[in-house]
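Here's a structure for you.
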Amino acid sequence: MASKLTRSNRAGWLMAVPGAGLIATFIIIPFFLAFAFSLTNQRLASPNPTEYVGVENYTDLLSIAIFTLEPERDEAGNAVIEDGEIQYPRLRKFTRNNPDYPNLQGKREWFSWQSGENRTVVLSSDVVFMKALVNTFTFVIFVAPIQAGLALGLALLINQQLRGISLFRAIYFMPVVVSIVVVSLLWKFIYSPGDGLLNSLLGWLTFGAFEGIDWLGQTGTALPSIMAMSIWQGVGFHMVIWLSGLQTISPTLYEAAEIEGSSKWQTFRYVTWPGLRNTAVLILIVITMQAFALYAQIDVMTNGGPLDSTQVLVFQAVERGYGKQDISGGSTISVILFLIVLSISLIQRWLTRERSSSEAVARKKKERT
Amino acid sequence: MKMTPILAALLATGVAGGAAAQTELSLWYHGAGSANAEEALVNQLVEEFNASQSDWNVVIETFPQGAYNDAVGAAALAGELPDILDVDGPVMPNWAWAGYMQPLGIDEAKLEGYLPGPIGRWNGEVYSVGLWDAAVAMTTRRSTLEDNGIRVPTIDAPWSLEEFNDALATLAATGDYEYPLDLGMAWTGEWYPYAFSPFLQSFGGDIVDRSSYATAEGVLNGDEAIAFGEWWQGLFTNGYAPGTSQDAADRDVGLLEGKYAIAWNGNWAALPVVEAFGDDALFLPAPDFGNGPTIGAASWQFGVSGTSENPDGARAFIEFALQDRWFSAFSDGTGLIPVTSSAAADTANYTDGGALEVFYDLSKAQALVRPVTPGYLVQAKVFEKALADIANGADVADTLDAAVDEINEDIDANSGYGH
Amino acid sequence: MALVTPDNHGLRLWTRYAVLVLVAIIFIFPVVFMAMSSLKPDQQLLSDTNSLRAFLPVGDISFQNYSDAFDRAPIGVFVFNSVVITGVTVLFTLFVCSLAAFSFVFLDWAGKGLIFSILLATLIVPYETIFIPMLLMVSQLPWIGAEGLEWGWLNTYRVQIIPFIADGLSIFLFVQYFKDLPRELIEASRVEGASWWTIYRRVVMPLSGPVIATAAILKFLFMYNQFLWPLMVVQAEEIRPVMVGLGYFTDQLNVPWGEVMAYLTIITIPVLAFYLSLQRVFIASVASTGVKG
């Protein structure tokens, strides 16, 4: 509902133009250039002319095929079994220069499962990219809710009136202040295999019962280790955002709740949480964005290894674009990442819009009465 | 103290204002922050060159090594390259092909008697020359081998594959070491192809087919390469060597502290070993895995940028640098290998009976440059990842196949890289 | 959790502090490790990492690493550059982005919805992925300087500042906050005849302490931690920022860990100081936000 009081084309434009203009120049135009690169074979350094290649870069990344491997059979037609395992012909017989299977050429196994005697294999033309995609989603799915939840817990913890509370607040914020590159370097020491800091600490706490883990060197622990560190590093920042949200909740509401004798949980559920709705939306979106942009930790700590267990999209985009001089390949990943995050944030906004506006109306009504 | 280059530049521009005819030449150098003598010597070289003539004034800009290649790539993209470039030997063909560099135009007779590694050739022309070379050796202690009944190999009779494997097994069985062999897995990046592709070559494989540079099929995934890969994986599954998660600090001091029995390490790290172990220190040649023993060659070199408007001046600077006295000075300062035998005679470590003399011989006897192709930049990264993956347990044949595919796709995408 | 009335007696107070301290330890131990390590020689630093000694100033303690670090790299120059670049950017960001957000929230104008959606979409483009096209662009941009019109922005402070002044996230932060401000306040000022500019300056911004602090910290951290971009656009050591300077220490064959820790400690101080100076704004904002609600 635009009232006369707020309609002002000229002032509106004037105020928005510096920000919008800078963003258009330094983000939107370069992004469209990147999009254009993704349709070509552009290299970082090359005397060869750039050519338009259509969607080839996209199909190179995204093509998959499903293939059923039949077991090796002996003369009687029974599956060959060695050491209790069914033997299959090597996939490379089919994927390398086999004229009978042109659709498998150059593809690699992504994952497979057993179906009866046969094994069904999903092949991808770019397994590293696929792993990066899956790892990125895994990272976001774990980090976003855990980090948001812990941050809220910390915010509630720190939102007390106690002596020296601002000291604690500063300490909780400390990892944010120490840059992510610095933090990653420090945690490399902490995660160091053998007698590293974390292993020594855990050994000490369990009176030596704990066996040292090669945290960043094993496929099972590398990504979780990076997740834990990332949460540790970022949680203080989101704590502060929650805190500023908490502080916009009127003290009178808490007084009212206390008078009505509501429990702590009830107070949180019916007073605190509704008042944090806008903050929650903000935090969810910000954390999701930041999680998708995961890069520095990987670059400093693992380079995507071991066995691609910590490959993520932005790291791959940078690795290909700069490291391997393949600007078109790197740009293609950027565009795909953009489309993914765009759809997710559209979904998030759609999910949170209805409720937050009705909630806001309800809140307004409550406040007015 | 670090302000010297800036001060020097300021002073130099002041001087240039007086003596009108001087032309400024920019030089980019990769070793910012190296506390050893290398950076100081490069600065001294520039100062002496500037003082030696009145036509040119070289101004140096230093970069941290890890950022150097990216900075050059970005500058080339933006048309802002300096006149004189410092370039890592195996990267040079890429820069030459892409137009970042131009032929040096130096009289090749001047390069007579040089070790092969420091001369950078591409398409039949010399593009870059280095003031030093580097070599790697199996670094250990004589007592370690003798106590365990292991033969001390020589350049003429290096270890065979079986001997080497047996030696590792013997050393592992003693239980005295965390690992018998330190390969330096903590050093990611160029170290992998530089230090480990010679093993593959000694097995009979290679990163790319050097006869055509058009494919890696058959050389990086052939039977020899797969044999190499299985052996490589065995080093880690047998617990002979620390894997990719090796602590960088252990790499630096593990041998000295007795955590490792043998370290595959470069001559730049040799002096501390000599200091620690004295006569007991041993620098042994690479094993012969069947196809002759090899080690990597070529270190950082100087060349002229493709867009330099003053190639004459850049050339004059590089020719000024190509003197025995500089080779000796750099060698004495950094422990690197001097490029001529006459310069070697003048050094503390590479002269007859010098502590590191063996590296000069190793460099002469075993050195093989990495593939000379613009595609090396990508091939090195693909190779690095393949070796890390295999070390971490990936299927050998599949991993090498994937590496071949990626290398071949890259060669195709670059229309054969001008070969 | 009693959020308003303090309930500070005996045991409960104790447990509260115990929880606070325990959490504090989790958050501070790597930083303590960094600071303590910066005082130790390399060998001791490394051998201490397998015991609690890593967190204590014991053994051979000195400031040698600091003086070595200053010998190795022009640290003062790097820190100065980063502080200038970061500080200037933050100031411009706060102004430009809050102004745009003000316009989006409080004013109605043709095309607003569309432009806002587009700007919002840009906040999901990681900068790392568009640096190459950006580089191509800034190397061609014009500038009017002391010597008249010139082309190309490379090797300057401005190329490290201007591209990062406006960003979707900062605008979004301000928008979310402004939405919660009581519109009646703005409308009342409008009725009284105040110009939009006056309302922005006199009414809205004074109420925006928390979001200003939040946006400032976020931007400060982002700018201070820039690595890839300055690497690509700045060649001269005189205008190099701190993160590129880190390579002077970590890119060495035998990494001087003590000096690395000293350098990390030094470059952390400006950010810490910046945060501590803003923490007052947070605290002050507790009082000021009491106005609304």
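Labels for the chains are A, B and C, by order of writing; each one numbers its residues from 1.
Keep this in mind: a contact is a pair of C-beta atoms (placed from the backbone, for glycine too) under 8 Å apart; a residue touches a chain by one contact, two chains touch by 3 or more.
Owing to the predicted nature of the structure, the values given are computational and were not obtained by experimental measurement.
Peer 1: So with touch defined the way it is at the top, what topology do the chains form here? Options are line, ring, star, complete, other.
Peer 2: Contact map by chain: complete.
Peer 1: Could you compare the number of C-beta pairs in contact for A-B with that for A-C and name the larger?
Peer 2: Pair with more contacting C-beta pairs, A-B versus A-C: A-C.
Peer 1: Between chain B and chain C, tell me the centre distance in angstrom, where each centre is the average of that chain's C-alpha atoms.
Peer 2: Roughly 39 Å, centre to centre.
Peer 1: At what distance in angstrom does the C-alpha mean of chain B lie from that of chain A?
Peer 2: A distance of 37 Å separates the two centres.
Peer 1: State, to the nearest whole Å, the distance from the C-alpha centre of chain A to the C-alpha centre of chain C.
Peer 2: Spacing between the chain centres: roughly 21 Å.
Peer 1: Counting only residues that touch at least 2 other chains, which ones in chain A make the list?
Peer 2: Within chain A, the residues that touch at least two other chains are 44, 192, 196, 322.
Peer 1: Could you list which residues of chain B touch at least two other chains?
Peer 2: Expected reply: 70, 77.
Peer 1: I need the residues of chain C touching at least two other chains; which ones are they?
Peer 2: Within chain C, residues 132, 136, 228, 246, 250 contact more than one other chain.
Peer 1: Quick one: in the complex, what on chain C touches chain B?
Peer 2: For chain C paired with chain B, touching residues are 43, 46, 68, 70-74, 132, 135-136, 139, 152, 154-155, 228, 231-233, 235-238, 244-257.
Peer 1: Touching chain C in the complex: which residues of chain A?
Peer 2: 2-3, 5-9, 11-16, 18-23, 25-31, 33-34, 37, 44, 154, 156-157, 159-162, 165-166, 168-183, 185-187, 189-190, 192, 195-197, 200, 204, 232, 236-237, 240-241, 243-244, 246-255, 258, 264, 267-268, 272, 278-279, 281-282, 285-286, 289, 292-293, 295-296, 314, 317-318, 321-322, 327, 330-331, 333-334, 337-338, 341-342, 345, 367
Peer 1: Using the touch rule from the top, collect the residues of chain B that touch chain C in their complex.
Peer 2: Residue positions touching the partner: 1-3, 5-6, 28, 32-35, 61-67, 70-71, 74-75, 77-80, 248-249, 252-253, 268-269.
Peer 1: Can you list the chain B residues touching chain A in their complex?
Peer 2: Contacts found on chain B: 70, 73, 76-77, 94-95, 97-100, 178, 188, 243-247, 377-378, 381, 385, 388-389, 392-394, 397-398, 401-402, 405, 409-410, 413-415, 418.
Peer 1: Using the touch definition from the top, list the residues of chain A that touch chain B in their complex.
Peer 2: The touching residues are 41, 43-48, 90-92, 95-96, 106, 108-109, 127, 192-194, 196, 214, 216-217, 219, 303, 305-308, 319, 322-326.
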